[in-house]
Structure formats: structure tokens, C-alpha cells
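Quick notes on the structure that follows.
Every chain is named by a letter (A, B and C) in the order it is written, and numbering of its residues begins at 1.
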Amino acid sequence: MVTIRVNDLSLALPPFHLREVTLEVAAGEYFVLLGPTGAGKTVLLECLVGLLRPDAGKVFLGDRDVTRLAPEHRGVGYLPQDYALFPNMTVRRNIAFGLKVRGAPGDRIRRKVAELADQLNIAHLLDRLPLKLSGGEKQRAGLARALAVEPPVLLLDEPLAAVDERSRDRIAGDLRELQQSTGVTVVHVSHNFEETLAVADRIGVVNQGRLEQVGTPEDIFERPARLAVAEFTRAKNIFPIAEAAPASGELARIALADGTVLRADRSANRGEPAHAMVRPEHVRLLPAAGNQPVPAGHNEVKAAVRRLVPKGALTGIECAAESGTAWFVLLPTREARRWQPGVPALLSFSPEDVHLLEREGLPQRV
Amino acid sequence: MVKTRIEISDRRPDDAGAIRRAAALLRALSLLAVLGLSAGCGRDHEEPAVEVPTSMASRTWGEATASAVRIDAFHPLEGEPLWVEEWLGEATKRHPGQVRARLFDLSTPAGREAGDRLAIGRSALLIDNHLGFRFEGREVWFVGSPGARGWTKAQWFAALDRQVAAKGGTGDPAAAIQPLEEFAGRSAERSDSLLIFSGAGLREPMEAARAAYEQETGVKVKTLYAGSACLLAQLAITHRSRPSDLYLPGEQYYMDQAAERGFVQEEEAICYFVPVIMVAEGNPKNIRTLQDLARPGVRVGMGVERVTAVGKTSVELLERHGLRERVERNLVLHAPTAPELGAAIEIGSIDAAINWDAVAAWYENESDVVTLDPAENIIVRVPLGLLSFSANPRLARDFFDFVVSKAGRDIFRRQRYTVDLDHPVYPHLAAPSDRSSVSAR
Amino acid sequence: MSESPTHHGHRGGDLTFRAILSTLLFAYVGFVLAVVLADVYWLAKPAAGGSGETGFSRVLGNEDAFSEILATLRLSLVTSLITSAAAMVVAIPSAYVLSRYRMPFATVIDTLIDLPIVMPPLIAGLSLLIFFNQTAPGTALNDLLDVVYTRRGIIVAQFFISSAFCIRAVKAALDQVNPRFEDVARSLGCGKVRAFVQVTLPLAKTGLMAGWIMTWARTLGEFAPVMIFAGARPWPQEDFTAVLPVAAFLNLSSGHVEMSIAITVLMIAIAAVTLILFKKLGGKGYLW
């Protein structure tokens, strides 16, 4: 169980460019590197495995500088995206591979394989070839192979991408459990925001080779630092800011590009605000000629319902503000049924729920 | 430093290496034997491995005595390099009565022959058959012109002085200078083997001649076969590194090409190719003359004009008889080699083909031959060439003489080649009656 | 191996379409078979003279002819086995580099490897002669190895051409092995070499075998470069250098059509066995 530190790591590997990535993963932490395809997160992971050498910067495992160290000398567990189980070996031989390479005695290998097979529930698969396994079984076999040498660090590249939708939550839960029971430090690469919420202690969002933001899942979801992060968490209601007046008391007066003026709680923000964001589930929808009063101090925006987008338990309601700007509200479906397209409405939300996004382009340091 | 020995053009370590080792062993043994016999004399044994007669030298200095140090200089004296003559004169003056110098002019046939015997193709200055001396551990070979080859006049005279002192007892020889292994000459070292380039179509008689000669003399004759043009290319590329001895192309044209490049020392016709008409067995189409080839319905085959000698000659022959256009109308097969025409007759894909008599003879069992009037025919001579860059000119000449001798020609005759135009494989019968079709044998 | 979809059933209209296409296929296959069998037929047919003698009896009944074929076959097998083994030794590392690394001048290197394949064989032979006789490094090498007009030259000429094929074939085999396997093996403690030997090599095994067989078949059929560089010295000369295709040519040139066809039939038989093996081992790509 060791910490992973990455200092100012840069690597140009067209079309990927990692730019001065600095990151620290605590010992025993489950850390997710999140980002869209092509963001460079796999490149970063391969720098940790040792398959790629950075152009600049350093990688530490614990106190050890491993930047120039070949993968075979790093002792990290690695599970690539397609699991890469050796197709000519049975699951048993796959798991035993690392121990054999290290010249471990036969009975120790047997014990370890049995123990891992038990823990990962693949004891019945040991004599099969990887070709005959399902996606989830392959993944467990791959994990067992990586864990057999008891690595202090486990590096997972998109471990859930090849698993079918239905079992994803369960397997994600298993991963989390496995990590907690072994105490291994995990770095998990993912392009899917939802799947990471269930497992991650912390998330690092990677975009265009930069680490945009690092934080807990809640941080990332509720308080994305920049537009790219916000968009990646599928946020809606993001509007460019025309002018941010100095704070009067605790609240700032924000003029949006379409002329709407909002009050926002500025305390949570560091940099210069570029966008304002209101999560659709934080907006309340009130009848225009309301007998329901707008809560005191809340922002209100006049709008009309344009259409309803049912999403199962929740329903999205797209509204058009007087300025023409589209706003989205997310309501429980039963509640949303009360609304019809064309009905005028009042959008109401607290200043605390107006989240301000920093301007792009400055590397985030953690 | 890379050892610059004589630029020996013969590179055949396979036999040369073994022979060299064997020769060294023999020399060592003979040295022991001689030492044993003449133990009392205490004289250095010195018998050159190859003796070159003085008659071959263009100039000599000093008297040949038993105690005289012998200098043999090989140099092409095409006018300019008078330094050699100056040095030799200087050497005899410096050690009067103790030096005997001979100069072999490599620009004359006699000088070259002498050089050949010692396998010296270019300038060299031998002292008592030593081509090289060790100067304080460094090997110096007196090859080529001084300066350009990394040695100096002073070194050569120092070597000479050392040798005179050692031999005549006129002082202590300089210890720092030691003669290198006696240069025995390649002729003595090299194996008795020859390299022959022969046209593929002449394989049978050449193989027979080779086998006969090898049996008679024990000389190894390596014979390469290929198309004449291909052989010429091989010769042109490898004659320096692989001296070759004889060239037997399928036709004069290639010999002329080789001669133009200066490859050929001498040539002699060894056999002749006489064009005949090959027809199917029994001559079902009743072909008797060249004119019959123009008859409608006769399927004719010919060699490709630009590729094969037989094709070229056939076209000339038809042109001479004004038949080219008419016969070409009947042409169904352009064969890239002469035997393919025979094979086509044998298989039955053509009715008639103009081909060499020797090639027709191979298919006698499956075809008949119609001869042509020698007066109207175009007969091609097959020349055997003695190449000018042989590594072993005497041996090459010997094999050349053997092939063109009666014994050699008889081999070709037995293989059914026309060796003598008065007695061709298929004699033309004067009366062109219905017997002009000569049946087998 | 990926499974390719094959359609066993057929819908209306398909049948005629299929029939037309199959007719062309079978016509061509039949043509190839007929040409090959024609050689055998021709050898088995009694000669026109009525002596009852056939091409086979002439070749097999003639002790010299039979010995020539045997000796030549032996020379061909020995040289081609040595050559294809040497080609593999060069090809495996070369193909690995080509398959796994991005290299500067990759296109240039790739083109150079193709050169021996696209070079006219005759010119390839002459070029080898020129290199080993007219250039300083070539002559030095020849002094060391003695390859011009010798049996060793057969191997050099074959090697020059066959290695290019071999590298192509081995690269195709290595390309099919996911480089991730090696990555994982290294994360588990294998060094580069060990990862290649223990993981990639076993996975590429059948492809490598197929590549080797293909290279060997090519080598066996190599003609013009061998004839020119090693010289065509036929059996029974001492240290003769005529391998099967060269012997076929020499026999044709001196009128022994049966011999040359018999040698050809022998080569076809060897090639057929080889090709079947190649395909059994899952060989892909081309025999060029």
C-alpha cells in the first residue's frame, strides 16, 4: 500500500499530449481518472505502469522514483482494457504466471491461486481457457492474475467498459470491496462518469491532456471547476456570464449574456467566473400566476414550458425563458405530469445553487 | 594495419587455404630433411618454390653465383618507371659481386608469363624470394610503387643490406629486420583447378570433355553453365576476383563481345551449328525444302529472334531465301530456347521448325530431319575462347588444347555435334529426291 | 482465427448467381489441375516410336538421370533448410521491430525489404555478383565466406530473396499477437526478452511455422539468382551447385525435356505438400 505521486508529467505521443500533470493518490485510496476518449488518461496510466516514459516530470511510488524504471521492476498490478488474458493458458496458469516468473515455490503458487480464485469467485473456472469466459469472468481472472504478486498498486484501464450494462453496478461494487479488503491503492481509468460514482474515493478529470479537477465524486458532480468538467458530468443550464459585479455582501450579482441577472453565492469559487451553472434538479418549477410563493432570496426566471422529456423515474422539462434561452428542470415523473407544453411558469432556485465555472486554460494544481 | 600482400586475383580460400597449409607443412618437412642431410654445411636452404628462367627477364645485373642475393623485379616498363632499373643498378653497385638482379617486364608476354608463374600480376620487388620483411614488428610488403603502398626505398635497401649481410657473412644482419615467409608464388600453392563458362546447350559434350580431362590429368575442372549472355555478364563481373579460364558461348556474337572487352586471348571453332528442318516422325506434312514451310496449313516454330541464336539465324536464312514473311504467317511458336522447338515437335504442337542439327539429334527418336543445301545454308561456328585473365595460364592452355584436339573434338562428335563441315551430323544428300528426308540414324 | 460467415442456404435468385460464379471457379481450378496433370500424363505416355518407353521409364530407368535427381534433391533440401532457418533467425527480430515500434524512415525501411521481392530475379543475381566481386566490403566478405560460384553461394542467393518474404510472413504472424500480452507480462515481472519468448512467441507459433514453411517453399523454388550467383554446375561435378530449378533449366537446355519435366513434377509435389501444411497451420497471406 503506497502513495502514488506524479510531478509535472509531460508526454507528447501524437495525437496525445499530457501537459504538466501533477497528482497525488493516497495509500489505500481508490482513485478514478475520468475523461472523454482521447483525453490522455490511458497514456497517464501507462506512464504509471512503466510502458511509456514521460518526456518530463517524475513518477513516485511511495518514496521510490520509478520514472525511469521498466515495468518489470515496478511491481504494480496492471489490468488493461481488454484484460489481455494469455489465450494459450488456462485461468490457473494465467493467475500463476507472475509468481512463476518470480520463481515462487509450487505450493505457494497453488495456495495463492486457490485463495484468489476463492476470493474472486472463479474457482470453477480455473481450468478453462480465457476464450470460454464471459466479460465479467475474464475481468475477475485478470484481477486475480494482477493481484497474485500482491502489488501495492493496482492500475485498471477501463475495467468496466467491456462488462454488460446490467452487471456493471454489481461488478463495480465488487471492485470496491476487493480494494477495501486488500487495501491496495487503485487507479482506475474510466470514460463513464456514472460508473465511477459508485467506486471512487476521489476522481481526477482529465481533458485534452490536462488534469482539470481533482475531488470527491460530490465535488465533481456539484461543483465542477470548469466548463469541460461540468459538461462531462452531463450538467445542463450552463450560461456564459457577461458581467460579474463585485459581491454585495455574500452574494454576487451576475449578468448573463442573455440579459438575465442572477444572484450567486461566490464564496465557493476561486478564479474568475466565466460561466454560471444551475443543476436542473435544483430548479423548482412554479406556476406563473402562482399561489405558491417564491422562497425569499431565491432567483426567479420567467419562462414557458416547451416540452417534456420522460426519463423513467425522472422527467426533464425543457423551458424557454423570456430571453429565448432554454432552461432544463428535472422533476420526479409524477410531479412533472402536471405540466403541459405552452404553460407559463416561474423557475426558482437558491443563490447557493448557482455555481460559477472558472475560465478555461489554466492548469489546475492540487 | 591491414596486410597488403600482393593483390592476388585468385580468391579461392577453399582450396588455396588447405593447399597453403599443406605447402607450408611440406616446406617445413623438406627443410628438416635438407637440414638433416646437409647438417655440416650450416647453410640456409634456399630453393625457390618456383623457378623463373632468366631468359624471360628483360634485363639482368650482376652474376648468378651461389652466394649472390637474388633480386627479382616485376614491373610493367611501359616507358616511365625507370626507378626500378635505377634501383637495381644501384643495388648491384652497392654490393658488388654479391647481388644478382633480374627485371621482368610485365608489359611483355615473356615478363607476364614469368609473373604468372609466381602469380605476380603487378609491380613487386623480391629479395631472395622474400616479398615482405618485418621491420621492428611491422610487416612491409614490397608491392606496387613505393610511397603509394606504404613502403620506402630506404626500407627496401635496408632489407637488401640485411639479406646480403646474412648470406655473405659480411657483417651482422640487422636484427630488427627479418624476412617474412618465403614467397613461393601462387602457381605452386594453388590447386590445379580450372573454371569454365559454357553455354547451357553445350552441356553434354562439355561435361563429357570435362570428365575425360579430369580423369586423364586429375585436374579439377569446374564448369558453369548458363545462357551465353548470362555467362558473359558473370565473366564481366567476376573475372578479377574469380579468374576464369575458358569461355564457350553458343555463338560467335558473344565471343566477339568478350573479345571486345579484352577477355579473350585466343579462340578456335570447336564445332558448328548447321540449321536443319525438324519435322514430325515420318514427315507427314511432306516437308522437303524451306519453301514448304510457307505452305498453308504447316504449323511452324522458330526461336525468338532477339533471344536465341537459332532464331536469329533462322530469320537470316529465311530472308536470304525471300521467305520470311510467308513463313512467319505460319508461325505458331516463338521458342525462347532451341530445345523447346524440339520438345514442341516431340509433343506435336508444331509440324516443322528450323533448328540446329545437334539439337535435332536429341529428338531423333521422335522426329525426322530435313537437311538444307550447304551452299544455301547459314552455318554458325561455335568458338571456344581461352580467356586472358586465367589464374593458371599453362593449365588453361592445356585444357584448351585438349578440347580442340582430335580427342576433344571426338567427344563433341560422339555427342552428335558437327565438328567437321565435311562430315556433318546430317549429311545433305545431293539428289533432292524423295530421300532428302533423313530418317533417324 | 475469426469465423467468416458462410451461407449454406440460398434465397431465390441466389442459385443462378452462385452457379455462374462457381462455374468460373471450377473452370479455373480445373484448368490448373489439368496443366499439372498434363505433365504427369506426358511423362507416363509411351513415346511415339512404339518402343513402349515412357518419360518416367527414361528418367527412372536411367541410372544417371535418377542419381542426378536424387543428388539435386538432396542439395536443394539441405540448402533450402539452412537458408530458411537463417532467414527465420534474421526475420524474427526484424519483424518484431517492424511490428512493435514506430521507427524513423519506416517507409524507406519497408520499401528496402520489398526490393529483393520486386527485383527481377536475374538482376538480383547479377547485383549479388557485383556486390561480392566489385566492392570492397563485398570482396572482403567473399574472402571470408567464399560464396561466389560455390555451394555457400546458393545459400547467400536464396537468403537474399527469401529473408524478405520471411520478414513479411513473420511480421504478419507477430501483428496478430496483441502487444498488451507483453505489457501485462512485463508488469508481472518479465523482462523484455522473457516476455517475448514466454508470451508472444508461443502465441505466434503457428504463424511462425507457417511463415517458415512458406519461406522454405520459396527458397526451394529460387532459380535465377542461384544460377547466376552460385553458378550452374550440374551433378556429377564435384561440389555441384545446380539445385532443382537450375537442374530443370539445364536439362531443358540440353534437350532432356523428360528430366526437366520430371524435376518440375517433383517440385510441384513438394510444393503441394508444403502448401497443404501451410494452410493446415493457419497460414495467412500470400505465397507471392
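FYI, a residue touches a chain if its C-beta (ideal position, glycine included) is under 8 Å from a C-beta of that chain, and two chains touch if they have at least 3 such contacts.
The model shown is predicted, which means the values in this text are computed figures rather than measured ones.
Q: Name the shape of the chain contact graph, picking from line, ring, star, complete and other.
A: Line.
Q: Using the mean of all protein Cα atoms as the middle point, what chain has its own Cα mean nearest that point?
A: That would be C.
Q: Averaging each chain's C-alpha atoms to get its centre, pick out the one most distant from chain B.
A: Chain A.
Q: With chain centres defined as C-alpha means, what is the inter-centre distance between chain A and chain C in Å?
A: Averaging C-alpha atoms per chain gives centres 55 Å apart.
Q: Give, as an integer number of Å, the spacing between the C-alpha centres of chain B and chain A.
A: That gives a centre separation of 84 Å.
Q: Where the CA atoms of chain B average out and where those of chain C average out, how many Å apart are those spots?
A: Each chain's C-alpha centroid was found; their separation is 36 Å.
Q: If you look only at chain C, which of its residues touch chain B in the complex?
A: The contact residues of chain C facing chain B are 42, 47-49, 51, 122, 126, 129-130, 132-134, 139, 142-143, 146, 148-150, 227-228, 231-234, 236-239, 249-250, 252-257.
Q: Please output the residues of chain C touching chain A within their complex, sorted ascending.
A: 178, 180-181, 183-192, 194-195, 198-199, 202-203
Q: Along chain A, where are the residues that touch chain C in the complex?
A: Touch list, chain A to chain C: 49-51, 70-72, 74-80, 82, 84, 86-88, 97-98, 101-102, 145-146, 149.
Q: In the complex formed with chain C, which residues of chain B make contact?
A: 11-14, 195, 200-204, 207, 210-211, 220, 222-227, 230, 233-234, 237-238, 240-242, 281, 337, 339-340, 342-343, 346-347, 359, 362-363, 365-366
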